[in-house]
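We call the chains A, B, C, D and E, going by the order they appear; numbering starts again at 1 in every chain.
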Amino acid sequence: MTAQEWQIVWFTAWVAALSSLAILPVGLPAAWLLARRDWPGKSLVETLISLPLVLPPVATGLILLKLFGRRGAIGGFLHDRLDLDVVFTWRGVLLALSVMSLPLLVRSARVAFEEVDPRLEQIARTLGAGNLRVFCTITLPLASRGIVGGMILAFARALGEFGATIMVAGNIPGKTSTLSLAIYQNVQLGQDAHAFRLLGVSVALAFMAVWGSELLLRKARRKP
Amino acid sequence: MSLLLRHIRLSLGGFSLEMDAEFHGRITAVFGPSGAGKTSLLDLVAGLRRAQSAFIQLGDQVLTDTVQGVSVATRHRGIGYVPQDLALFPHLSVRENLRYGCKSGGATSPLFGFERILEILEIQPLLPRGVTELSGGEKQRVALARALLASPRLLLLDEPLSSLDLNLRRRILPYLARIRDEFHLPMLYVTHDRFETLALADEMVVLIDGRVAQTGTVQEVFSRPANLAVAGLFTVETVQPGRIVKTADDLVTVAVGSALLTAVEGNLPANTREVYVCIRAEDVILLKGGDSPSSARNHLAATVRSVTREGPFLRVEVSCGFTLTVLLTRQAGEELALETGDRVVALVKAPQIHLIPRSA
Amino acid sequence: AEVTVFAAASLTESLNEIAAAYETQSTDRITFNFGASSTLARQIEEGAPADIFFSADEAKMDRLEGKGLILKETRKSFLSNSLVIVVAADGGAMIESPKDLVTDKVKRLALAEPNSVPAGIYAREYLEKQHLWSAVEAKVVPTENVRGALAAVEAGNVEAGIVYKTDAAISRKVKVACQIPARDTPDIRYPAAVVRGSKRLEAAKAFLEYLATEEAGKVFERHGFVVRKPGSPP
Amino acid sequence: MTAQEWQIVWFTAWVAALSSLAILPVGLPAAWLLARRDWPGKSLVETLISLPLVLPPVATGLILLKLFGRRGAIGGFLHDRLDLDVVFTWRGVLLALSVMSLPLLVRSARVAFEEVDPRLEQIARTLGAGNLRVFCTITLPLASRGIVGGMILAFARALGEFGATIMVAGNIPGKTSTLSLAIYQNVQLGQDAHAFRLLGVSVALAFMAVWGSELLLRKARRKP
Amino acid sequence: MSLLLRHIRLSLGGFSLEMDAEFHGRITAVFGPSGAGKTSLLDLVAGLRRAQSAFIQLGDQVLTDTVQGVSVATRHRGIGYVPQDLALFPHLSVRENLRYGCKSGGATSPLFGFERILEILEIQPLLPRGVTELSGGEKQRVALARALLASPRLLLLDEPLSSLDLNLRRRILPYLARIRDEFHLPMLYVTHDRFETLALADEMVVLIDGRVAQTGTVQEVFSRPANLAVAGLFTVETVQPGRIVKTADDLVTVAVGSALLTAVEGNLPANTREVYVCIRAEDVILLKGGDSPSSARNHLAATVRSVTREGPFLRVEVSCGFTLTVLLTRQAGEELALETGDRVVALVKAPQIHLIPRSA
């Protein structure tokens, strides 16, 4: 593989991993609220969160571009106040991947949280644990299998995401080009050999994620 | 430290718990048939269940007051709870389970110390295990240790020894008794075991169908069950309908079947006529061959109907105008050489005949 | 008969209109599959049941012809287009000529992907011909297609974009800053041909003929295309 | 909305729902095998199943096109023997949606199966239940929350799928055009008003799915 | 129907179960301290756990034979199991749980009929509930009913009554006894309760640390525990080291503390010198004031050290050269009017002094 291809591989692995982590602080609380609290409009919020899955990626990409462009509501603020550009930079890639994979994490984590026996959380409280401690030491570990499952889905989706990414971040060689974009281009040009080589790399990355998470979970289960 | 429970009302599907009680004892035994609301009560005190109405005060501190909208968070109640389903944390090792609520404060006392508790409950070798790798009794001990290690101000124990063998119970009971005595740590202790109650508790509450059927000292409740349902919980073997035929000098005469018994009036409502007569099997003495003088008021001529060996005891059914069950040590029984059909005399002291009013 | 036409997405509106008119005068029914030319070409390569391929660039058609997948004799190019430089409608960069792309006024330039997407390829060829490409290359933000380029200009993160004249009308938030003169642009043509193996050969040929009529030409022109006179040099 | 738009809406709802059901007979056994059995190459198979998520949709679409086209290994057989065309028909849409959403179902269901207490299955066996009965009456209902969650993800994904569908089935109005394709096209043509109307419909469909499943699960929980 | 267990070997982490036993009794009580391997044994018989080596035969049918590679699938074993953790199906209602294994075959007998079981176990009103809406004891009864309704050939009961109140136990025990008698349905019954064992079981196996410590009839095991560990499981209150000083005519004389006791030699290994002397508290009779003739071999002059009331009993500790614990009915105790310091005579029959060899 060429140096440029290696760069793409590293960039993709790195940004996909980062996005799978970046969605945790938003995704987990959201999932918990959906699982454990009843509030009006819950189904609506849930639907909204799964929007990026429901809409064609270009549409999501377009909406993001409108929001985060320099003239967009959020992008304008970031640019004017913090001198931060999102679209057409690696941040744009991260943004697109995060938004596109968030629903996968949220729904998986939600189901996992629902399955945690509330009795265990109650007993943890009698042992003096506050809400945060209960969440971190009881709820989260017991839901870990579902959460890790959701993160793998999110990571895989991030590897494969194409439509939103190219809309928000473009396909700038050496800057925002990901494996998925490169594969797309090769497919369109009819360069199947190239495409398949890159497909292989994608698959290898996904395999490593699956295999790593398996190992992690197994260790976690053995630990006690 | 006293525990006040005022105008409690808690609905659970078709069941409702309604009670008003206060406990000043050190260990209060919570007795009652299956489904009476014992676990619900403990959950309520621990703050794990919301009641429609409740006022709960431990010592000086109001824990729950639905009128004022007070509800101290469970974690600030300082309550150690061994729930019926144990609720060990399945993802943690035994050691981590034990450490979960561990307060350094408690370790100052050797009785509450980590090592001491492990030793008494025999869980040292289990420490590195996962809790899914424990036997039923081992789980129960870990749950008990976990609650103790949190150095609580009040212990809620829901049948904490139910799946332990006698040997272990005999080690753990005195240990709980010492905790009770040295730390003045009050406990609510749910159990179906009369001996555990006798060994530990000084006060007792009997719940039946979500209502308080009786409260009082253990001795009081055991010896004077308030009604038939309560009496049924403690193996009162003979329960017969009777009718009061005479009252004089605090003594009443009751006709049961074809026999007349003398009993102490106690606090029967005035003008009670119809009663149940309750006689505990071990309160009856059998004499064979001839009647001899005795301080017992009731001397009943009886015929042995059956003799059953029951462990270290003999259970003897005699008929003396009604059917009376008698429990003898095997020794005593063998000396009497009882056979079905033998004629004997059954002695019962008046205070040991317990009367419960009944509607005719 | 039912004729299936695989056509470049940019032709959607004009072709729908033309087909509606055609169906009033013919018993044949026209079915479309609109997509990126590259996608359509791939599909035909994999044996898609197309009767007519209407591409947005010659390269794709050449590729299929090379593989013998179209009927060479039916191939014709009767449409062409031109490129324009667009900037944001309000407060966009002041660009008067393509040379301004090299200056600091333009920090970024949105193009459709310059290696695979026709609009991008044409833009690149134009810039190369003008010897501007090497100076501009680093500024290029490749997008999947024309819409991406327009959206990028709208978002304000690029100062300018190069798109087809027909596409510039899509967005009201961009304006044409300058037209690229037809003589300078590469030959932008929309070739159409009957696909080999078509089971409705006659009907396909008939529709293809109709597309080249003046009646159809008017519709294309209304949507901004340039209709090439028959017999003008290929 | 025009009659044509209604047709698209119905077709999309129907084919997305069908694909979420169609993947059950493959997805559930696969998930169960991954959750409950250890076999060599398990991680590999798991990676393979999540491939459609990892690869850019066009690439997946291309592979499907190669396999199911008239010249493809499977498509050829179907066409020659059964006179059945897959690509560029509604079957192609179904195929694309199914393949693309399968990984979402499998991973969710796998986690759900892993969480089912094997003790309950054992006790069901002592009560005379065979493997199939245990699976249907114990394992499946206990995993239902996760499975339904996975099906919702799958349905949502099916609504939003674009890249593979357009590759395999094309965007043939009245035949293979789905909401997602129609939205894409409207976005491309700058007809944002149109696009947003269709987006609204997509969201409504997703909402109905989320809401319906919520209701279903709640009823299932209350039923006893 | 007999149950054969041959060269069983099962490892679980650091624990291993190794046994060889056969049970011909109708109900075999499985006794043993917490963690002894009782649940593991039941799991093995039910086919829920694989052993390293095992041969299990029920009646004529080989259920497991690791040598021949035979292993009958759990569902074909016809085994009803009430596991310690109950394992009710949480997604099904009580009714659905009960119907799960219901065989129409069983319904032919009124004893095994749906209605009858519901009545005995008092679960009629619970039928429409979800199993998460049950109390602990209610869950236990549902689990028992579910196992019975499957009309099994063998019942495995793992502490099936541990969280039930006395009243219910008293109803359920005779019912289980009737099932035993009328259906010849063998059971393995894990319990820590001596009375349950006495009431139901005819045979008994004691597991300690994964090994069979003793098997035999219930009477045998209770009255002649094979070793100290077994004895410790059944409240043998007095256990004292002693030394045999004389053997004659099947009777041995043992020196314990400063006292000499006469005991039956039984099956002590030849030349045993050092022994533990075990005396059950209820086997001792106390006489006050003067010694009178009696058939008991051992008359020990003793001083009362303490008198504790324990429910219906008095526990009296006397010293008679060693410390001896005596259990009296309250009645007997009151007649003797025992006080600390009183001088009494303790009578123990020779066959009731149990000797266990000990290494010096």
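Criterion: a contact is a pair of C-beta atoms (placed from the backbone, for glycine too) under 8 Å apart; a residue touches a chain by one contact, two chains touch by 3 or more.
Note that the structure is predicted; figures quoted are calculated from it, not measured.
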item	value
Mutual neighbours - chains that touch chain A and chain D alike	C
Separation of chain D from chain E, taking each centre as the mean of its C-alpha atoms, in whole Å	57
Computed distance of Cα centres, chain C from chain A, in Å	35
Chain A-chain E separation of Cα centroids, rounded to whole Å	59
Interface hub residues of chain D, defined as touching at least two other chains	58, 62, 187-188
Interface hub residues of chain C, defined as touching at least two other chains	39, 42, 147
Junction residues of chain B, two or more chains touched	85, 129
Chain-to-chain touches, reported pairwise for every pair that qualifies	A-B, A-C, A-D, B-E, C-D, D-E
Complex contacts: residues of chain B adjacent to chain E	12-14, 32-35, 38-39, 84-85, 125, 129, 133-138, 140-141, 158-159, 162-168, 170, 192, 194-195, 198-199, 222, 232-235, 280, 282-285, 310-313, 327-332
Residues on chain A engaged by chain B in the complex (per definition of touch)	117, 119-120, 122-130, 137-138, 141-142, 144, 220, 223-224
Interfacial residue positions of chain B with respect to chain A in the complex	46-48, 73-75, 77-81, 83, 85, 87, 89-94, 96, 100-101, 103, 128-131, 146-147, 150
Contact footprint of chain C on chain D as seen in their complex	58, 62, 65-66, 69-72, 85, 87-88, 166-167, 170-175, 185, 187-190
Residue ranges of chain C in contact with chain D within the complex	4, 6, 9, 12-13, 31-35, 39, 42-43, 46-49, 145-147, 150, 169-171
